[in-house]
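Just so it is clear, A, B and C label the chains in written order, and each chain counts residues from 1 on its own.
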């Protein structure tokens, strides 16, 4: 893996995304810096997914500015994303990774070794030849992670990576995320599982209705939230 | 990814498919536009192998109605036309599409109809009287209606019987616009009368209740002629090979072969290349 | 073929004339499907992935062209390939190649229209993943066509069915020449006109058997392929 690259920090400056009359992301100013994982939390519809996609460079802003390491080019060379429901290509598990490697411009000669390493990293070493679409939900989620890591990203976005998984599969994913982060990859993920946020986050971002409620060090956030909304959210009350 | 190997295999297969067509390229062959009657009667299946054995030339027969066959010749898509409608053939020559017409052989037309013979024409020796009777009785009559040689002969017969069929036809007269075989199928299925050449009739297998009602009148004579398509107008015409086919048809050997074609012991075509008025 | 042979008799005795006809039918239809696929698949995929004014109109016309009347196509190709037509100098009229050309025109819209639908559906599913992997437009087309390959087999089979069953176009441009351009369908038309209905029906059964066999082979290949690629 690589040292934090020039894609960091990711800086949103009064960023807004509007679809018709609906404001999905409103006047958001936020910096995601190198370091331990940044975890986005907030109720459904708070804008977590939209924020991740915009940060990946997949959604254009309606207003405001977005920069990666000071540059505004959106080309996602050093970034990768795993969607909440990743789509497996109609190929084998190894074929899915080979496709991502080819897309990232990795020479063919290096493919076999890289595919082996990536599948082992996510615990799918024995599944290389299985059709990807026949894998279980947890296995597909891990394969999607491996496919994202094939891009050798400096920043890895994960949208609710364990939303529909059982505890064992969830632990598998969290272990991989921890290992990846320990290798210097900046992880930015969303979750609605507060326990997971506590377990993984170095940095917490709380969103509500497309606006930033609070951002800060995870321990400090959970120990002493600065806002009423954050306190309610941690306590499990509904934000409306 | 779309593999280049697949594309190359596909291209190779396409090439193979084109190259694998039987008997293309070098072989000596001509295209003869002819009538359905010569093909459906089985004459060509019998005659062409004999011709090929003598000359090594493959004859590809496109069997159409006489009108369509002449059109095919006029478009330069055939080397030889071999049809049976003298008036149309002479128009073809006059327009410069053909070189010269050679009479080859004749057979005759017969009127066929249901065994029950609702018009009561069976055994009539005068075809004009038979056709007048069919009209008077409003018995169903199936016409080819396709500008073919047989169709021309039928229209000529109405006229010769003093009937203006365009004006006097009623619902009993059905112009099908189909080949001889299809017309016979329809006549058999609907108990109608129709005019057919004897060769096709003898060869036809779906006769059901149909029988010959009228035959033997001289006006039922059906003359076949053959012409080389004019190479001056159509440079693609294989002049020598086409002429070789014509020469064979009118040669004593070819005439003997034609006379030798029999179905159920009956001679179907009567060679008459020596009758220059035919 | 001899006169009083039943189709069953011809099959059982391995009549060479019959086998030549069957073989020509398969070669012509397969060649047409191949040519039509080389045209129709890229066109359909491109249409699936591009947006331009009038695109809906193009799709409607393409879908309608799946029902092109064979006789009209045959006549148009006949006039094109006739010695007195614009492409007459190639001397293709009344050859198997002319039959392939006519059937390609009939089959290409079917393959293109079904490819368009298939690729567009897959594109809706793949869109974000491919965007996230920064896949360029050409590689995108190739990926979608490749990943849709098992569904596209159905499009090819639909095309093959149309080609193998078709008689109106090839009898005009091929001329139904014995031993040269006679196929199953034109032979059936001929035997019908000779009044030999049992032989015509027998040939029809042989044709249907072949079409079923081709479909069974393709389906088996699809099943086997899916087992490996999902």
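Just so we're on the same page, a contact is a pair of C-beta atoms (placed from the backbone, for glycine too) under 8 Å apart; a residue touches a chain by one contact, two chains touch by 3 or more.
Please read these numbers as outputs of a predicted model, since none were measured by experiment.
Asks: If each protein chain is taken as a node and each touching pair as an edge, is the resulting graph a line, ring, star, complete or other?
Replies: line
Asks: Look at all chain centres (mean of CA atoms) and spot the one farthest from the centre of subunit B.
Replies: The chain lying farthest from subunit B is A.
Asks: Using mean CA coordinates as chain centres, what's the subunit A-subunit C distance in Å?
Replies: So the centre of subunit A lies 47 Å away from the centre of subunit C.
Asks: Give, as an integer number of Å, the spacing between the C-alpha centres of subunit C and subunit B.
Replies: The answer is 32 Å.
Asks: So the centre of each chain is just the mean of its C-alpha atoms; given that, what is the distance between subunit A and subunit B in Å?
Replies: 79
Asks: Which subunit B residues touch at least two other chains?
Replies: 1
Asks: Counting only residues that touch at least 2 other chains, which ones in subunit C make the list?
Replies: Counting only residues that touch two or more other chains, subunit C contributes 139, 143.
Asks: So in the complex, which bits of subunit C are touching subunit B?
Replies: Going through subunit C, the ones touching subunit B are 3, 20, 24, 27, 30-31, 34-35, 37-38, 82-85, 88, 91, 93-97, 100, 139, 142-143, 145-146, 175-181, 190, 192-197.
Asks: For subunit A, which residues count as touching subunit C in their complex?
Replies: 56, 58, 75-77, 80-81, 83, 86-92, 95, 99-100, 103-104, 129-134, 151
Asks: Touching subunit A in the complex: which residues of subunit C?
Replies: Spelled out, the residues of subunit C in touch with subunit A are 125-126, 128-129, 131-135, 139, 143, 147-148, 150, 226-230.
Asks: Across the complex, what residues on subunit B touch subunit C?
Replies: Those in contact with subunit C are residues 1-2, 10, 13-14, 17-18, 20-24, 31, 36, 39-40, 42, 44-45, 60-63, 75-77, 179-182, 184-185, 188, 203-207, 234, 236.
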